[in-house]
């Protein structure tokens, strides 16, 4: 891991020096060892502040849309993060030629809040970045972790009313701090529908109904786009397992449209693209 | 908005029989903002309309709700009523309590309750409506007809006769379509070519018609009055501008291909015109069979061509054409009956399909008009099998409408040209057109044997010596309830008329709908049979469903008239209910750009927002639905109005 | 007055408290412990470091209904929510959080017009403070002169021993409450000693700290500094920090209506949100997240100090602990001051 | 306990459509309870929250003058949820009002000085209140010369047309009404407000200018007054901010340590300079 950090610093330095990148999006020190922070190195002198350890869970692609189109950006990505990049490129929010992708072949990250390992039950947990220019280490070899959808089994086996109860309880907890959508690299809408007053799509006060209006709409907006990085759930202060819902939607999308999000630059977003073979199931 | 009038229509008993109108009127009258609520027997009648206008003026209404039939029926009527009373037409809401209540709900309480809920929603919505002004656009006066069969030819000629410029696009090298393949036409038995070729020639000669053969429409953008059509000119390898049609190239060409025109029963050259009367009389090279293209050597045609018209380097080219209206006349395909193995088509040489038989009769056909089989012998007995693949729930449930009549025509021609016994194996004889029944009666007298029963099987397995060397048609004569084995030399199948194999794609190109059998869908089966759901695109001929020549021609003329209602105008009133983008709310995701069929949205990279070209917008709302931030606002269907209506519906 | 109760009898005591008024106490949930109105004595826990969200909800709930209305065809029926709140008890409030109430008092009840919703609940509430026995690395309440067993502001102050919960009445209000609950026993001398010891030990526990001297002025002076962009770079602009904060008090007023019936309510809002300052005209004085982060920090450490002579922060560490990207307000202020 | 969030019931007694685009109306409100009227003591420049249950509240400057007892008036442009709803109401409807809120035009400071009123478009409402206050017979002598420069884009967009005409008739006020572009009905002045101010060229001697209008107008008018020698202390304006509570609690409208709703909306340029530049 120290190797990755060193390689990261080395490449960041090189890219900033050569002007290949104006910004390097990576990780920096936080208020203690267990709490690193997202970090944007803009000068060679910033490079020393870069760190990488198992707590650097952040999906740095979240910050890409804050920079004007055309900014030359180098970005450190882990597996799911690289898939985000692909979706953002499909959506023309970033251009491939503007981005230097520093791939991190590492997957045993730890959620600093819970101390638990991030595995395929909370994220996509592919071993290696799908797309990169420079891989900061050797490719991680496959190991059989099962499918990222295995975790849904329990939910799927629930009777409908039990499942409704489960989600009702979870969504009742929401305090509408919007950390989930703000941590989400796909939620780049500004303003988000929920912030609008004409019309006000849902009440501002947290109630099950208005919370559902927010979350379900957001889930729908992420359909076929979510790349299962799990940032939403990690950001949630009240521990709503949002990733489970996203995983469920992703699974359905894959089944209906035969496409896994963020795996190929040639794909088009399933919800705004029409193919003859598309499932009609959604209409029924 | 706060002064709403609600007008509830009885529609005779159509609505009143299940919806308690008085209840509904009383309910509506109590709703917030409703100052008047009235019921009337026929709201669309003149007194009904006057009632609404009177109340608009008397109560100073600023919103009108008419609870009646589908807005497809009378929205325009009531919009005019509102406008006539000085109210903006977009301040009207139609509530459909007929199709959505009385016609689909039997229970009176339920139907009444649903009607109230719908009106409640409409009241919420009407509070939020805003007046809109119509826009006008210039109309391109030219038209396009796609498909060069009899439908397309007729439509093009009609339009050209009014002085309008017409582009006639045909995918094959000649116009004429299926009708050119026919020998005689029922019931009059006049020669198909004799009546068709003058029209084909008229097309060629007409200065208003731009004839585009070997062409396909690849993209249609724009909208009624201003369609931007991209037409692909497929490479012909012959420069038709230079070619003088001497056809000496054809004579010398050593390449051979199967004649499409003769349904594969004969060969043609690799550089060819499909048939002698083809229009234009200029050849094309079939790349698949051309020896030069296959082997890299030959170019005989090039050598003999004095006009220097042969061009092996020719490529497909694209042409952009703007027209005000489009007529789709893309015709039909004949069902491939090979999969219906019980009839042995493709297996037994003696089994023919109807189009092949047409060619056998024709003097320019493979047998030069002699009815002989593939072995050169004249058939002694012939069975004509009706309804192959049509009127058959396993294949096509519909009736192909022409088979009975052409089967009679065939029988007549067989009798005329051979001494064979002719059997008709039919389910019902459907002879509904003018002179058709008479034709049937005439055939009854021509010693044609009619067996009422659908053929079950064609086989060469014989059970008795007199069946030897024959094809056996197994059929139950349902009149006598007898199972029959008919030994015949020749079997003629009447396959279903199908939608063209590429009808689905073509429909998408033109943004029109198809029915369950893939025929193009008309806007209304009775009242708007030539229009489609895309304004400015009309239908003619068998692309809309099986039909015979008289019907096709009549429809073509009708479609031309429909097209004229557009290209005949200088300006067109556009729907005012288009969309616009709130730039403060647009997140720059470009979903709108991706989903719009009319290319109305575009993306401004500098500002990071989408913009709508309102001239292109049809107000379909697809972009608004796919916009995650609600930045796209569809006039007359704003988010507020929707949410209001839903609140009203759910409240009840 | 020092009372005690065996930890095994906590339920009994809580039940007795429920009799005395609406009880708000810590309850264990999925993500951590939070204050809730207690219906069931068994729900209350004393085993927590500090709650996920602050106890400000006792006086300033996320949604505070003011008026219920029903829109009729011609008129509107209006029903005002009564401000005569039942007596309330806030149980198990950590010393830093107790301090937050006093800070919020300044805004809600002293800045000219009194906010009756805060004021009425505040008046009717007995606060039962609860000593920390450890320090979380995120905390920095020491910077504000608060210590782990600070009794200031509590009506009753509680210390948890190994077997007992010790309760000392600090104010008359507290005394009244304690003396009215029969389940409590009088404390013994050893308890008294233990209690005092814990107070002393509490004062010795060290949190992170920060010198507040000149901070308000320096922050004000560096309003236009590029520092804010740098420090806000990782900020997601979510509102977690403001929602969990005991002294963040920004709210919105909304009419929430469905089917003609609705409520006018105060609802927590956050200066971190895009629409917070967005005007109907589309003009927004704070479009950048750096501006919003600066607003939050400056409001607490500068503007509030100018207006009320107190920093609007108690160092409870919640914002730091809850921040999805580990932004630490103490570090932000520290570095800001250093950067001047 | 007094509840500052509670709207006081008032009835709309008169509605005047001010402009030919129909999106600006003046609402005259009368208190349903006489007691409330007595308590509602306001000074020109203050505002109030107008309230319709189900639609919310909106802070609007008071357009009438306390010298006109029996009612209060608000001129409202249709923009958001509340103002749109208000525009749909008819005379006789009851709504709610909270206020008066905010500081006011500094009447004491203005006293004894020559006053130059500069207004643009719809932002003339609280200036109208001030003018009527100063023109009131008991008050007129407390102020020096009064000059009014008021402009709108077109004649149809001028508000308070009748009142403007009445003021023109008086000899104790100098009126300069102008439009950017006139039409066939317009016989008056044409020209932008800054230009007209320059032409009028009021002396800065013992004078205060009170200015309200669209940002662009203010931007071009200020240099004119600086050139005329007006100090920043003597240029007074009113800020607009998003507000909710109106009483300095909700934390929305603060600019630095000031709350626009409580410490404003009226500030002199000198005071504005001291605020953080965040408005």
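For reference, chains read A, B, C and D in written order, and residue numbers begin at 1 within each chain.
The rule is short, and it goes like this: a residue touches a chain if its C-beta (ideal position, glycine included) is under 8 Å from a C-beta of that chain, and two chains touch if they have at least 3 such contacts.
Note that the coordinates shown come from a computational prediction; the quantities given were computed from them, not determined experimentally.
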Winner on C-beta contact pairs when C-D is weighed against A-B: C-D
Chain closest to the middle, measuring from C-alpha centroids that were averaged per chain: A
Inter-centroid spacing, chain D versus chain C (mean Cα positions, whole Å): 40
Gap in Å, rounded to a whole number, between the CA centres of chain B and chain A: 47
Separation of mean Cα positions, chain D and chain B [Å, integer]: 65
Averaged-CA centre spacing for the pair chain C and chain A, given as whole angstrom: 32
Sequence positions of chain C contacting 2 or more other chains: 71, 252, 254, 260, 269, 278
Contacts with 2+ other chains: residues of chain B: 584
Residues of chain D engaged with two or more neighbouring chains: 80
Complex contact set, residues of chain C against chain A: 29-31, 52-53, 62-63, 137-138, 233-234, 236-240, 242-244, 252, 254, 256, 265, 267, 269-270, 273-275, 278, 320, 322, 324-328, 330-331
Touching residues on chain C, where the partner in the complex is chain B: 71-73, 258-260, 282
In the complex with chain A, residue positions of chain D that touch it: 80-81
Touching residues (chain side chain D, partner chain C) in the complex: 1-6, 53-57, 79-80, 83, 94, 240-242, 244-245, 247-257, 262, 276-279
Touching residues on chain A, where the partner in the complex is chain D: 197-198
